[in-house]
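The following block contains the structure, expressed as C-alpha cells.
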Amino acid sequence: MIHLEDIGVTFNANTILENQALRGISLTVAERQFVTVIGSNGAGKSTLLGAVSGETPISRGRVEIDEVEVTKWPVHRRARYAARVFQNPLAGTCATLTIEENMALAYGRGKRRGWRLALSAKRRRLFQDRIAILGLGLEDRLGDSIGLLSGGQRQAVSLVMATLSDSRLLLLDEHTAALDPRMAAFILKLTNTVVEEFALTVMMVTHSMKDALACGDRTVMLHQGKIVLDVAGEERDQLDVPQLLEMFSKVRGEELADDSLLLG
Amino acid sequence: MKRLKVVSVFCAAALVIVSAAGVLAQTYKVAVSQIVEHPALDATRQGLLDGLKAKGYEQGKNLEFVYQTAQGNPAIAVQIAKQFVGEKPDVLVGIATPTAQALAASTRTIPVIFTAVTDPLGAKLITDLEHPGGNVTGLSDLTPVAQHVDLMQELVPDLKTIGVVYNPGEANAVALVDLLKSAAKNKKIQVVEGTALKSADVQGAARIIASEVQVIYAPTDNTVASAIDALIGVANQAKIPVFGGTTSFVENGAVASLGFDYYQVGVQTAEYVEAVLTGQKVGDIPVTFAKGSDLFLNQEAADNLGITFSEAMLERASSIKK
Amino acid sequence: MSLFAFLGTLEIGLVYGLVALGVYLTFRVLDFPDLTVDGSFPMGGAVAATAIVAGVNPWLATGLAVLVGGMCGLVTAFLAVRCGILHLLASILTMIAAFSINIRIMGRPNMALLGEPTIFTAFDNMGLDPLYSHLGVIFLLVLFAAFFVTRLLASDFGLALRATGVNGRMVSAQGGSIGFYTYLGLALSNGLVGFSGALFAQSNSFADVTSGVGTIVVGLAAVILGQTLIPGRRIWVAVVAVIVGSILYRLAVGFALSSGMFGMQASDLNLVTAVLVAIALIAPKMKGKMRLKAVQARRAK
C-alpha cells in the first residue's frame, strides 16, 4: 500500500541550520497493515508521515501509494488515497463551519467538488448514521459549529470524517497527544474500531510506547532519521514496554559509545 | 393627433404659467456640481457666482446657489446629480466632465449647463455644437494650444523640445497633450511627456524631463494644477521656463501664458445660466469655446531665468507681473 | 431627501452591493485582503462602454465586463499563489496596472455612453419610467447575483472555498487545492466587481478611469456596516447583509449631501465614511461589554 524508497529530507539545506531529518528511509507497508511509529523528539516520526502525505518536501527518494508513484504530487492530490488526523484538533477541522459541513468537506475528498449542494438530505442521513457510532450524541447537533466541540470530540469527528470517502489509507500524527488520558483512550479505541470496520491501512505516529505496542501489528522505531527497529508478528507480540525502552536506550547508548570512541 | 396637439398646447401653456410664476417669485435655484476642489475650478465657480450677481441674480436675494463637490469620485458625482435633480432646481451646472455627464444622465428635462469641459462632443454631452438640441449646453474650455506653441517659440527662439507633465487619467489633459503634439509636430518640435497619476507624482515627473527639455508646458490638468508650485520649483532649479496652460499659473511663477483665466470662464458661464433663466430654449443655445486672449507675462521669473521679453510681446501683454 | 434622490441612492447602493459581495468573498470568505477591486471596477465599466460603443450587444458587453473583471482577479491570484507575492501587495500591483490598461481599453480616460444603447434601453423603449425601470432591472440583477453567490457557497465547491479562508491545511488534507480556490475565489469576486462597474457605466452613461478610486473602502464599509447591523452565521443572511450595508452606506452619503442637513457638505464624506466604519467596528465590542456589565449587575444583586 505504501512503498518508500531511500527517503531523505533535509531542512534548511546549505545553511548553518541544516538538519537532516530523514536519512535514507525505505519502508513498505502492506495492505491492511497497521504500523505504529515511535522515536524520541526529533527522530523524524512526523517528518516521515509528512513525506507520505506530501506535506514535507523530500530531498531524495521515491514515494508510492497503492502502486502509483506520487513523489511529485502535492498534498491535495495525495489526499484521495490518504485520510489524515492531526495532533492538533484545530488543524483537522474548520472551526467556523458546522459539524455537517465539515463532514461534507471530508465526504468530497478525492471527488470533484462542483455545483451540487454540499448538504443534501441523503448526505445528512449518512452523516447522522456515521457520527452516531461515536455515542457522543453529536448526531443531534450536526448543525452546530464544530468550534463549539471539545478537542476530544473534534478528534472523534475527524476520525469519522476520515471514513467518509473511500480512501483505504489512514495517517495518524500523534492524534491523541493533545487529549486528556480518558479521552485519549476513547479515541484510541475508536481508532481501532474504525480501522477494523473499514479495513484500513494505517500509519500511526505516537510518543507512547504502550500505545505503539497495544495498537496495530507492526512497530517501527526511528532514531536520527533512520529506522533502528522494525518488528512485527511473534517477535512483536513478545515485546513489552520495558523491553522496548531498553532497546531504545541501547540505541542511544550505542550512539554515545560511538561518540566516546570518536572522542577517545 | 388633434388630441396630442391639444395636450402639447396645454403643456406649453402650463410651462409658461409655471415660468411666469418663477419670474414673479423672483427666486431662482442654481445647483452647481464640481468634480473636485482646486484653484481653477473654484475660480470658475466664483466667476459664475459673480457673473450672475452682475446680471442681477444675487445670492440670498433672488438666487439660491447650491454647491457640492464630488471629491474627485465619479460615484459621488452621480449621487450629487441624483440629489440635485431631485431638488428640481431651475438650472444645473456641471463643472468638469464627469460631473456634467452625471447631471446629463440624470435628467432629460432640467437644463444642464456644463463648463470647464474641454471636449463636450467626445464626452457625448451634446452631438452638435451649434444646435445641442436637448437639455444640455455649455462652455468648452479648450485651450488655444497652437497659439501656446507659437508663444513658446517666441520665448525660446531655437526651440527644439517641449516638456509636458500631465495625468494620463484625465480626459481633458490627454486631449490637450494630443493637441500640443500635433501643433509641435508641424513646427518639428519634439514633445517629451512626463506622466503623473496623482499630484504627489508631479514633482518627480518634472524632475525626470527637466534635463531633456528647453521649456515645460503646464497644461490645464487638474492633477498638475494641484501641484503647480512643485512643478515650477523643479523648473526653476533646472533653469528652464514654465509656460502656463492657464494664466493663473503665471501668478505661481510660470513665465508666460496666453488664454483665459477660469474666473472669466465662470463669468461667461453665467451668460448661459441667465439665458436659460430668461426662458431661452437650451437646445437652441450653441456651445462656445471660452473667450479671451489675454497674454500674461512674469517679469520676475523671466529675470531669474535670464529671458528677455521682446518689445512686441510686452506691448501685447495684458498683465505683467513685476 | 427627495424621492428622486432616494431612488437614485438605492440604485447606486444596489450597484455597489455587487462590489460589497465581491469584497465579502475575498475579505470574509477567503481571508484574502484584495485591493484589485479598485482596478476591476473601472475595468468593468471600461470594457462594457468600449464594447457597447463598438456596437456589441449591451448584455454581451456586460458579460464581457464580468469576464475581464474575473481576469483581474486571476492576475492577482497568479501573483500571490504562483509568484509568492504578499496578497495585499499582489492586489495593489494588479490595481495600478489596471489603471493603465483601462486607458488603453478605452483609448482615453473617459468614455461616454449618453445616447448609446444599454441594457436599460429595451425597457426605456417600452415607455417605462426610467426612474423605476432602471432600479427594477438593477434590483433583479443584484438579486440574481446574490442568489448565485448564496447557492455557490452552499455547494461542494463553495464549502471548500469557505474552508480555504479558515483552515487551508485542512482543505489540502481533504483533497482541495488552496491555490485553485484562491484563483477561483478572486476571479469570482472581481467578476462581480466588474459586473458592478459595467452596471455603473450603463446606468450613469459614462465610464471613467478615476471611478475606481476608493472602491475597496466603499466595499469594506458596506460589508462591515451590513454584517454589524444584521449579524448571522448563515450564508444568505451575510449576503443580504452586505448588500443592505451598501445601500445604507449610500443613504448615509446621501444624507451628508442633502443640502443643509447637519451642516454637512460633500467634502465631509471621507470623514463620514471613516466614522461609519469605526462605529460599525466598535459597536459589537460595546454590545458585548454592555451585556457583560448587565450580567455582572444581575449577579451583584
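All chains are identified by letter, namely A, B and C, in their written order; residue positions are counted from 1 within each chain.
Here is the rule we use: a contact is a pair of C-beta atoms (placed from the backbone, for glycine too) under 8 Å apart; a residue touches a chain by one contact, two chains touch by 3 or more.
Keep in mind the model is a prediction, meaning the values are calculated, not measured.
**Student:** Have a look at which chains touch which and call the overall pattern line, ring, star, complete or other.
**Tutor:** Chain contacts: open path, no cycle.
**Student:** Which chain's C-alpha centroid is most distant from that of chain A?
**Tutor:** Looking at centroid distances, B is the chain farthest away.
**Student:** Of the chains present, which has its C-alpha mean closest to the combined C-alpha mean?
**Tutor:** C
**Student:** What whole-Å value do you get for the distance between chain A and chain C if each is reduced to the mean of its CA atoms?
**Tutor:** Computed from C-alpha means, the inter-chain centre distance equals 43 Å.
**Student:** Once you find the CA centre of chain A and the CA centre of chain B, what distance in Å lies between them?
**Tutor:** Chain centroid spacing, chain A to chain B, equals 72 Å.
**Student:** Averaged over CA atoms, how far is the centre of chain B from the centre of chain C? Could you give it in whole Å?
**Tutor:** About 33 Å, centre to centre.
**Student:** Can you list the chain A residues touching chain C in their complex?
**Tutor:** 53, 55, 74-77, 79-80, 84, 86, 90-97, 101, 104-106, 108-111, 113-119, 145
**Student:** How about chain C: which of its residues touch chain B in the complex?
**Tutor:** So the residues of chain C in touch with chain B come to 1-9, 11-12, 16, 99-100, 103, 108-110, 112-116, 200, 203-206, 208-211, 213-214, 218, 250, 253-254, 257-259, 265-267, 269-270.
**Student:** Can you tell me which positions in chain C touch chain A when the two form their complex?
**Tutor:** Checking each residue of chain C against chain A gives 152, 154-160, 162-163, 166-167, 169-178, 233.
**Student:** Along chain B, where are the residues that touch chain C in the complex?
**Tutor:** Per the stated touch rule, the residues are 37, 66, 68-76, 78-83, 85-88, 97-98, 101-102, 104-106, 122-125, 127, 168-171, 174-175, 197.
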